[in-house]
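Here's a structure for you.
Order of writing sets the chain letters: A, B, C and D. Residues in each chain are counted from 1.
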Amino acid sequence: MPSSERLHEKCAVVGFYNTGPEAARLAAPALMTLQHRGQESSGIAVSHEDRLKVHKDMGLVASVYRPEDIDRLPGSMAIGHNRYSTDGPSSVEHAQPVMREDRLVTFAHNGNLPVTEALEKFLVEKNALRPGSNDSEMMADALEWYVRRGASLGEAMMESFPLFTGAFSVVAMTKDSIVAARDEYGIRPLSIGKINGGYVFASETCALDTVQARHMRDVRPGELIVVDSSGFHSHELARAKQKLDIFEYVYFARPDSMLLGKSVNEVRWNLGIQLAKEHPVKADIVIPIPDSAIPAAEGYAYETHIPMRQGFAKNRYIHRTFITPNQRLREAGVKLKLNPLEHVLAGKRVAVVDDSIVRATTARDLVTMLRNKGAVEVHFMVSSPPVRYPDFYGINTPEQAQLVAAHKSVDEIRQLIGADSLNYLSYPGLIAATGVSEDLLCTSCFTGEYPIEIGEENRKGIIFEQKDS
Amino acid sequence: MPSSERLHEKCAVVGFYNTGPEAARLAAPALMTLQHRGQESSGIAVSHEDRLKVHKDMGLVASVYRPEDIDRLPGSMAIGHNRYSTDGPSSVEHAQPVMREDRLVTFAHNGNLPVTEALEKFLVEKNALRPGSNDSEMMADALEWYVRRGASLGEAMMESFPLFTGAFSVVAMTKDSIVAARDEYGIRPLSIGKINGGYVFASETCALDTVQARHMRDVRPGELIVVDSSGFHSHELARAKQKLDIFEYVYFARPDSMLLGKSVNEVRWNLGIQLAKEHPVKADIVIPIPDSAIPAAEGYAYETHIPMRQGFAKNRYIHRTFITPNQRLREAGVKLKLNPLEHVLAGKRVAVVDDSIVRATTARDLVTMLRNKGAVEVHFMVSSPPVRYPDFYGINTPEQAQLVAAHKSVDEIRQLIGADSLNYLSYPGLIAATGVSEDLLCTSCFTGEYPIEIGEENRKGIIFEQKDS
Amino acid sequence: MPSSERLHEKCAVVGFYNTGPEAARLAAPALMTLQHRGQESSGIAVSHEDRLKVHKDMGLVASVYRPEDIDRLPGSMAIGHNRYSTDGPSSVEHAQPVMREDRLVTFAHNGNLPVTEALEKFLVEKNALRPGSNDSEMMADALEWYVRRGASLGEAMMESFPLFTGAFSVVAMTKDSIVAARDEYGIRPLSIGKINGGYVFASETCALDTVQARHMRDVRPGELIVVDSSGFHSHELARAKQKLDIFEYVYFARPDSMLLGKSVNEVRWNLGIQLAKEHPVKADIVIPIPDSAIPAAEGYAYETHIPMRQGFAKNRYIHRTFITPNQRLREAGVKLKLNPLEHVLAGKRVAVVDDSIVRATTARDLVTMLRNKGAVEVHFMVSSPPVRYPDFYGINTPEQAQLVAAHKSVDEIRQLIGADSLNYLSYPGLIAATGVSEDLLCTSCFTGEYPIEIGEENRKGIIFEQKDS
Amino acid sequence: MPSSERLHEKCAVVGFYNTGPEAARLAAPALMTLQHRGQESSGIAVSHEDRLKVHKDMGLVASVYRPEDIDRLPGSMAIGHNRYSTDGPSSVEHAQPVMREDRLVTFAHNGNLPVTEALEKFLVEKNALRPGSNDSEMMADALEWYVRRGASLGEAMMESFPLFTGAFSVVAMTKDSIVAARDEYGIRPLSIGKINGGYVFASETCALDTVQARHMRDVRPGELIVVDSSGFHSHELARAKQKLDIFEYVYFARPDSMLLGKSVNEVRWNLGIQLAKEHPVKADIVIPIPDSAIPAAEGYAYETHIPMRQGFAKNRYIHRTFITPNQRLREAGVKLKLNPLEHVLAGKRVAVVDDSIVRATTARDLVTMLRNKGAVEVHFMVSSPPVRYPDFYGINTPEQAQLVAAHKSVDEIRQLIGADSLNYLSYPGLIAATGVSEDLLCTSCFTGEYPIEIGEENRKGIIFEQKDS
């Protein structure tokens, strides 16, 4: 799915304990590697000489951390965070790691709490609720409250854990300890690496590769890990009921990451193979929507023996909304990112592979662009099933009203986007291609089955399909 | 060639005449599209109410132009420029378009003048040489001198043209006219587009696509184009002896651009086809070094029927040197950009396709990374011949001493990088794959034949091969 | 195939919406460019001050539209039509665009409906069938019926579409809207261009070039396009099952048109290349039958390295049957059009390239003429396979009884025409040379496979080949 | 040279004596074959039952003679004429054959009399000068004067011959005889054929082919031929000093005609061969400007081994000025006639072959069109030398002021038309290629040497080159 209608996930977290003298020097490239999980702002907090210190700013990792910024972040412990990009109001105040003056705890969160009643009630009772706080900041405030009252960071997390209803993979740090934890469903990933006798936490394993750490294992759902001068300690805060968000496989995660022991690239290749088995269209070329759909397109091409070509040139430098040549034409904005290649497309029957369709506006623009460059047939291949339900666990999906598949049949969507055929991967095909048991995955966007309470308000807004239909 | 040792070209230029009320609103996305030609700085100059105004800054296009910056650049005429990225010292003072206080002319240059004696002499005689000026600034000063004395911008270019020895594709603007010109060899590209009755100039046609302009034709080598209120005028300042830099095809230009009427993507695909014909290695997978080698790898895979896989995950957000996790290990820096995919590589015979080898340090790192992830054979395929001579026409190549192919045989390079085989495309194969006659191309990096005088100093530094060897 | 036995296609259509103040001034040269698709009559209808107005007459475009005729066709909307030439009775009454007194809809049609039962039944029921109407007029009457009852033109086309069984590429106009539509197989071409913010429809892209419009894309098979004051709207009336008539490539379309993204000239050149590969005869010169066979002859000459010569002088001024010097000798009529050049032919082994053979009478005359001028060997090369089946989709082919290849073997035809050898392009060779997948093409004249129902009557008249023969 | 700036020659003549019962039935197709020599008007006069009868009209032959018109032209004797097309005022009154009420003589003329003093004086003296008469009409009046006084038509021609100063190839007819004559230089061609025991006269031999007549010989310069009931008689009115206009070879005559025993096609092929020897440019394709330059382009391609391609699609139906899509842009008018083929041209070095350059406006348009379609080099090859002097013998050239080569050097013309090179055939090369001795040819347009007196007025208007320069 091209970035203009991409689901925005929040966020990426990293943590470094005793991996060397300058943790920030590792944290920055690790966050660079996880940039795809959040492009709005980035921050690193370090512990040095018994004080926590943070540097964060709006913008891409590459611009947030100049060498001199890193020089001002000494110390062998660090946590870091990338925040997601959104078109709505945002400011550096909400950038993470959460950290205010004189704080004892700094905190970084990937996920979302759809229900915060208990947490708010706790903070109100403790007179610790700050107006305008978001879920992450409230979580940090709860931890702070406990630590201020003498709890270790690990104890604070154990105490606070029942207040957290939702999806979260978090790292937190005090001057002398780092903790990492995941909700009991493990919706968002969080991995552990070892290097130089120290420990690294990172949202995805690709960041471990960057810092040349060895992937030890993942933080388990419901697990709390505490690392401090006494060592590495694991606590089971809740019984693990693994429900990794299947979208991590479909397009969130980097292809070089491992999730539940599976290579993301390999899963996507399998999605393409499976899609080819289910929908072997007649086409002259297979073209991917870069970059997330490339492995699936490679698999599709491999299985169908149709040659794969680069049908769109992607602008490698555009990561956010930018001035478009024509403000009224959305296509102009899409074209700035993806320019179709006439010489590749003209006269061809094209099987274009994308990873998902959300609103269908981008898909429509893409089909139009392909046709305008002479494609004689456009077969739109989607390496996942129709997205019918919104997400509440850390992805910035639109409301259900804007999910095209919630209201239209596949053929209606096909007509809307103007394709000759529209071929979604089946749900069973998706599950099979992951190589992971269905019950380890959160598939709510496809099925409407939400493993974690999403709250009455959210639930009221959704129309569920008749199961028997 | 991965970006760590990529040749950096200076630069991209654009020009807009009467394409609508707000030229800067088109210039910014056009420069965004040409970002690959220069990432150090960017600038736009406009003409509004009889005054020239410029906005330029260090950084990527995305960060240089905020909406409010564009709002402050009114007017229906604009020129713009992206400057190349270098590791050496650089500052916003040298950012282009060249424009100082009270100037009548603003100027943007893509290329390089290896010999500037005549130009310097002229400026000294006119008492117009500013200390510390680079070639582009001296060119602008010569134009300014003539215009201040009453010449039109077109006349100024005609007068100054004999002073310019080297490669240049330039645009310049006064308050009421824009000119575009290329050296007589047309080493660097420059295209003309039409939109809304106005004219667009851009280094590559992909930028015309972005602003939805129609590609009319290219500025011819030795041609001066003047657009002003009296219309579009062409002048032949020198007989065209077309010598387009062949590296534009090999990897500089965007794949969606057209050069000499050929699709860059198509040429690269042909390079892969040709490489497969010359060197049909036995391999289990073909993997490209993203992004410039992807079309050649697609062609190679197509011709050999070996499946193509994404063997490296590329970080899409790193465009310049960034803090690396380990300053002593260059491989760490490479890995931040390109992370090998173990599941794809392990146990495989890999044909890795890159577009060129300069110093061979990156190639060596890549081979090491592939082997570390379990590749059992690594065949290094290069879609161009050995680079034996430095460039003097606008590419930031290293000195000849650092060009590995200037001093080592192919087998010595193979040993150096640790590959099982190293296969360069032949020079005749390269020419054939472009579909363009050899004598229209500047191939100096391969042949040592420099169409434009490079100056005695430069020539002395080069060891030319014995013709009979 | 020389014009005396050329298949006559009906017809050409054009449409202009808001391309400038005087649409007819563009429509006339566009129809001139499409003259090859119909030489019997021509017409242009415009909408001006809420009234439709038409000018049409028998004859060539050059004689139908005098400057004063164009002056009497004001308005920014127009549709136009050229009708095919036939030897049978014809009159200006059937000239198009269809338009009678007080009509709300004017209509132009390229194609043919072999089955009109449903359409006639509808009109009978509505008491709207006019005696003597042809298929195009009945289509117009159906649209008129709906529009008179309050439907928009787009709605009328949607309602009427199921009544239309056959091949049709049509444009229609009311006082304030233009629609364009193609049957679901897209047998006849229809392209869309953009110019000055308005839209152009034309049977072939060469007409877009004439009016300097940009080729946007083709109207898709089964697509309805409506342009009115609310903009450009696309509707899918039927699923596209593209079956472009392969004869458009072989000789109908102008060589400068693009069909399914392929240059017609390039396809014909490829036909010649392929023919040379299949049948590399020994000859001293290659001569084309002008004009449609020229590109194939160029390709044949290129591949075989046999020089190409102009072996026949073509009279450039004869477009219809003309007084012949000897009414009993058909050869005299052929010679008036094509005069063999003795100095080129005498003593030579000649490979003469034509695009097709229908009745073989012309081929026989040509061979006789070549021999009479001293050709010592005549090798008749045909850049398409034997035509065995009649057309029902808008080409005026003779009945199957008159198709020589329906009844004679290749060697019998060779004997009949008196050639030393007769070499047809193979059917697979034809398909390969187009560069388009076989299933996108209507090849009924070669294969007898009719994608659209041709009606029982027509089908009864055809003898189909035994599949196992 | 494309038709927009074509030199217009007047005219074509034919005559038929006793070739069968219906001479007009042969005259019409013969005139059709000679249409290239005049497209303004056409006429046929017959002798039937002792009366002369004429049918003539403005327009092309195809439209002037309907079957019923021919039916109304009975008789076994006929003369006919096609008049040239001009943009100036013209009317059916001046259409030929010259023939007024009660005339005894009808007359048809190809050529021009630059000096008419003697003729006018004669008519004034005889009180036979009609106001507004042109040269042809005065010639007819002189003949009429003699015949009315009892002279035979042959005698009338003998008497009148000294009055005719200029270029003329004429046929005339009374009720029972036909004469044919040429000026002593034989500037314009005139051939004699035999068929069915009768005689045919025609401006070119190709018309003899059309009516299946055998080419007997040409009317000699200064010869008068009389055919009547007593037979075929030849008279030498003046000593032949053959000076055939070399432009007949270069592009006037049809390629299938014979002139001075040479095939026009063969001469043009030789022009191309010679041009290749003199200017062997480096190019990827040779393209002709259709149609007259095709044989020269074939020769050029043959000699250089560069493949020939159809680079322009010619509209076969446009013979005169037609409504152009943009009245201000001349290029639009050229494009209506000749549409460049992007797929053939893009990325190619093009050697475009034309037969001559007159004003250079069309050449400039053609080069622009080629470049706009992606030709990277345009080498303009002209199969004749620079045209420096106007013609006074029957070609409608512009005044010398408008002949570009009269005022500009070859390199200045090259710059004007925007070509990479401009290569004229040398004058000696031209002569050699014809295979005819220089002194048999009128080469005044190249050399300024006028064999026939052009009159003082005309001579004053010309600037002659220094012979020694």
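Please note the rule applied: contacts are C-beta pairs under 8 Å (C-beta built on N, C-alpha and C of every residue); 3 or more make two chains touch, one makes a residue touch a chain.
Worth saying up front: this structure is predicted, and the values here are computed from it rather than measured.
**Student:** Can you spot which option in A-C, C-D or B-D is basically A-B again, with over half of the contact pairs the same by residue number?
**Tutor:** C-D
**Student:** Provide the C-alpha centroid distance between chain B and chain D, rounded to the nearest whole angstrom.
**Tutor:** The computed centroid separation for chain B versus chain D comes out at 55 Å.
**Student:** Distance from the CA centroid of chain B to that of chain C, rounded to the nearest Å?
**Tutor:** Their C-alpha centroids are separated by 47 Å.
**Student:** How many angstrom lie between the CA centroids of chain A and chain D, rounded to a whole number?
**Tutor:** 79
**Student:** What's the distance between the Cα centroids of chain C and chain D, rounded to whole Å?
**Tutor:** 35
**Student:** Which parts of chain D, given as residue numbers and ranges, touch two or more other chains?
**Tutor:** Within chain D, no residue contacts more than one other chain.
**Student:** For this structure, enumerate the chain pairs that meet the touch criterion.
**Tutor:** Touch list across chains, by label: A-B, A-C, B-D, C-D.
**Student:** If you look only at chain C, which of its residues touch chain A in the complex?
**Tutor:** Residue list for chain C touching chain A: 216-217, 220, 234, 236, 239-240, 242, 258, 260-262, 435-437, 439-440.
**Student:** Touching chain A in the complex: which residues of chain B?
**Tutor:** Listed in rising order, the residues are 25-26, 28-30, 32-33, 35-36, 39, 59-63, 65, 67, 70, 206, 209-212, 254-256, 263, 265-266, 269, 291, 294-295, 298, 301-302, 307-310, 312-320, 322-326, 329, 332, 335-336, 339-344.
**Student:** If you look only at chain A, which of its residues touch chain C in the complex?
**Tutor:** For this pair, the touching residues of chain A are 282, 284, 345-349, 371-372, 374-377, 415, 418, 420.
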